[in-house]
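There are two complexes below, and they share chain A, which is joined by chain B in the first and by chain C in the second.
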Partner chain A sequence: MVSRRLSRRVSRAIRLFPGRAHIALFSLSLSVGALFVLAVFGGLVAYAVRSPAFGFFGDPEFRFAVGFTLRATVAATLCAGLSSLGAAYVLAFYDFPGKRAVEIVLGLPMLVPPLVNGVALLIFFGPIAGPTLSRLGFPVAFNPAAAVIAMWFVASPFSIRMFRQAFASADARYSSLAGTFGLSPLARFFRVQLPLARNGLASGLAMTWARTTGEFGATAMVAGVTRLKTETLSAAIFLSMSGGDLDAAISASLVLLAVSAVAYAAIGLAGEATRVA
Partner chain B sequence: MKAKHRLACAALFALATLAFGEGGKTLIAYAGTGIKDPVTEIAKRFEAKTGAKVELVYGNSGTLIGQLELNPKGDILMPGSMAFVEKARAKGLVALVSGPIAYHVPVIVTPKGNPANVKTPADMARPGLRLIFPDRKSTALGPLAFAVFDGLGVTQAVEKNVLAYVETPQKVVAAMLLGQGDAGIIEASNGTASADRLEIIPIDPAINHTEVLPCATLSSSACPDLAKAFLDFAVAEGPAIFRAYGFKTAL
Partner chain C sequence: MLELRGVACRAGAFRIGPVELSLAAGEYRCVMGATGSGKTVLLETVAGIRPAARGAILLDGGDITDEPPERRGFGFSYQDSLLFPFLNVRENILFGVTRGRRRPPRDPAVEARLLGLARLMGIDSLLSRNPRFLSGGERQRVSLARALLPAPRLALLDEPLSAVDADTALRVRELLLAVRRERKTAVIHVTHDPREAALLADSVSKIENGAFATGAA
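Presenting the complex of A and B:
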């Protein structure tokens, strides 16, 4: 019944857009995709509203998890952004022997499962670099710094990739034109290339931040899930779920969902604003 | 054409018989990740004996209960401790409970050679140690360890020494193998695979706290008789299998 109505609608669309039937089909896939995601998260919201467990909002442990998540993800995103800027610039504009190998190495943290990243980081900050770092007064493993480093490590392939696209898609003619006006390469970078890539860089940072917020496997492995010390919101959801406290897990998920949606929309709006200006 | 059709039907029927076993019955069993190996073995032997098929779903005990609450289907629940069966019972998910099949027994674990010389739970209160424990709310073992410290009156001193809490006792083992921390507490069975690279020190039974590993059938079961048969089989044959994997079955 539904499928007959659907096929009728599709055939009408084909008649309405001669030679552009594929656009009608693509629009259909767009709306079906959006509706499905909306239905899935709508279900989560509906379930949370039906059996609310908001008692934990006053819980110091929960408030710590929210604050720690914000601090750690922002720090990790800034670290990833700063460390990726130069790498992405070189990858976007220069060719050099072994470039492909470097690209693969930098992309590895994105390819392997988070838990493998975590084990590798724990080996590095444990037996390999741990004793030296401890002697220098900077023990990393199972400390809050480990959470930031794990998120940075896992998210940096995203920032490098997005930044590189941002640089590469900026119109190269402006840059060479600035060169003919006598701007030094450094001045060209700061006054032409960086502003031109602004929107791409901003959305790259947004994607990087999203990745750090959802990160759990690597962080839990190298930083632990110590309450009031290294517990992120993702870890809180995992621990509530493991403890059989479904309602708390769902409510915490809702907070993470709301914060992410608002931040994502805000970054999008900021991008629009700079484009208009 | 018709002959081909009939052949295909016969082949499908044969496949279905193979896949679903005698009577075509399949049990779905939910089990804690910490007892994965012995439960897999029990299921395999039950399948060999009855011809029924057992589908195993592993996860943290609490996660399993969450999954069941959202999607109540399946026949057997074997979580890490009685506390989780009680939790599932309170939500109306459990029909019959039997056991114990084995016990959760906390033991001390240290890196090879025990450089910090931790021999008893009371030693863990010594200032300056770096300790790693399974999480105190979401695991079966974390609360047991701290019940021991509570009994000795050293909980506050031990808490000052905590380097990290991790999600499972297995991760305490992993951290010790990587040289992190001076000591921790795990379940007796967790250390068996790497016993030669760690020190495993039993805790005096007079001060130790243990936990029963039960088996339960689910109220959602579509074939409660077969589920009951599995329960009886697990209680009868389970202890020997759990013993083979390093669990304690008598206290």
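Presenting the complex of A and C:
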């Protein structure tokens, strides 16, 4: 009796969307997906509220990890942004022999596993360039600078890709038109192409920053995970979990979760602004 | 003033030419042709936006075939207006004078010219607006004002009235004729409207199947 009533209801619901039953199914998968993600992260927050995790926010080691992560990720994002701007511009507008090969090389740090990046960086800043850099008074390996370099290395393929897309998505005729008003190619870059791409560039920077914040593998290999020296929040999670300190790991996770949510919202807002413009 | 000798233009599969064209100072030339006949490609080639595949472009007898657009100084207005979305209407119109800088021009005469032009075009109430909130016809008038404000010797206009309503088109046509009369600005005006060509042009050229021919208006 009940099952007959249920099947009648389902068939009535399907009749309400003639020819659109697949939309109902897709909407279901959308809702289930969103609810699952919400349940997982909501569960973390709910668990943290009932645990002593929030007590760790005052811990000096935790505060060092937050500060160091902030400094290192901002520095790495700025480096990646500056170094990617020119590369992305050339890739967006010019064809040259070997372009495909250059694209593959620049994209490699994004494609290989983070630990491989870490081993390669460690070898480069260790046996290969390490002695020279130490003689010059700039030892990199196992120092805070190594964390910045590792994040920059891993995140720059993202910034190059996003910046390139931002430049290429603007109508190229704007720049030519500005030429008819007497602007040199350099003036066109600063006064037309950069403003046209600004929302895409901003969302690229936010994406790059999110990537540097979550970086762990390569950073841990080349900078080490030394308490109060090269300990990022991701490293703090790893250290806490290894030592069985779940509450400390939860508090670091909460900060990273909040940072990611803010960065993602910023990307969404920038994307919205791009569509309106 | 401007001479095109055997100029061939190319854009993808498009081929136009050879184009023989001679334009005197203050002359108004309409170029007609069906949609997709390559009229815009010809204008872009004259402006230096596209390279000429063959032939020579001369300005006052000097060869400018290989000169970039910034050294030619011709006014240009695209059919789809192409207003800079990061500048408001006033800043867009002033673009040729400010060269894209945000600070307003120091010369009060420029401001007077801007206001006069905007009033004649019926866009004086839109100056502080963002271009994305304008209608197609309003955008075209802003684009036209932007091309004409720096008083170029040659204005290249790509279907500048195609989205403008009949009453406004009448006013803008008068303005175009006045600009030509007073400033001796030569104009190449691309259109597919024979009536518009008859009202404005001293001479009319046609593009058909890639061939360019000129006859009297």
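The criterion applied here is as follows: the second predicted complex is superposed on the first by the 230 of 277 C-alpha atoms of A that agree within 3 Å, B and C clash if a C-alpha of one lies under 4 Å from a C-alpha of the other, contacts with A are read in each partner's own complex, and residues count from 1 in each chain.
Everything that follows uses one rule, which is that a residue touches a chain if its C-beta (ideal position, glycine included) is under 8 Å from a C-beta of that chain, and two chains touch if they have at least 3 such contacts.
All of these numbers come straight from a predicted model, not from anything done at the bench.
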Notebook entry, point to check: Which term applies to chain B and chain C once both are placed on chain A by superposition, clash or fit?
Noted result: fit
Check: Who touches more of chain A, chain B or chain C?
Finding: B
Note to self: Under the stated touch criterion, which partner chain does A:198 make contact with: chain B (first), chain C (second), both, or neither?
What the structure shows: second
Item checked: Arrangement angle, chain B at one end, chain C at the other, chain A at the vertex (C-alpha, nearest 10°) -> 160
Next item on the list: Return first, second, both or neither, reflecting whether A:107 touches chain B, chain C, both chains, or no partner chain.
Entry: neither
Next item on the list: Mind working out whether A:130 is in touch with chain B, chain C, both or neither, as first, second, both or neither?
Entry: first
Item checked: chain B versus chain C as contact partner of A:224, first or second or both or neither -> first
Next item on the list: With the two complexes superposed on chain A, say which partner A:176 touches: chain B (first), chain C (second), both, or neither.
Entry: second
Notebook entry, point to check: Nearest CA pair across chain B and chain C in the overlay: distance in Å?
Noted result: 50
Note to self: Does any part of chain A touch chain B in one structure and chain C in the other, and if so which residues?
What the structure shows: none
Checklist line | Touching residues (chain side chain A, partner chain B) in the complex | finding: 119, 122-123, 126-127, 130, 141-142, 220-221, 223-227, 229-230, 238-246, 249
Notebook entry, point to check: chain C touches which residues of chain A in the complex?
Noted result: 171, 173-174, 176-184, 187, 191-192, 195-196, 198, 276-277
Item checked: Residues on chain C engaged by chain A in the complex (per definition of touch) -> 44, 47-49, 68-70, 72-76, 78, 82, 84-86, 95-96, 99-101, 132, 150
Check: In the complex formed with chain A, which residues of chain B make contact?
Finding: 60-63, 65-66, 69-70, 84, 87-88, 132, 135-139, 162-167, 171, 174-175, 178-181
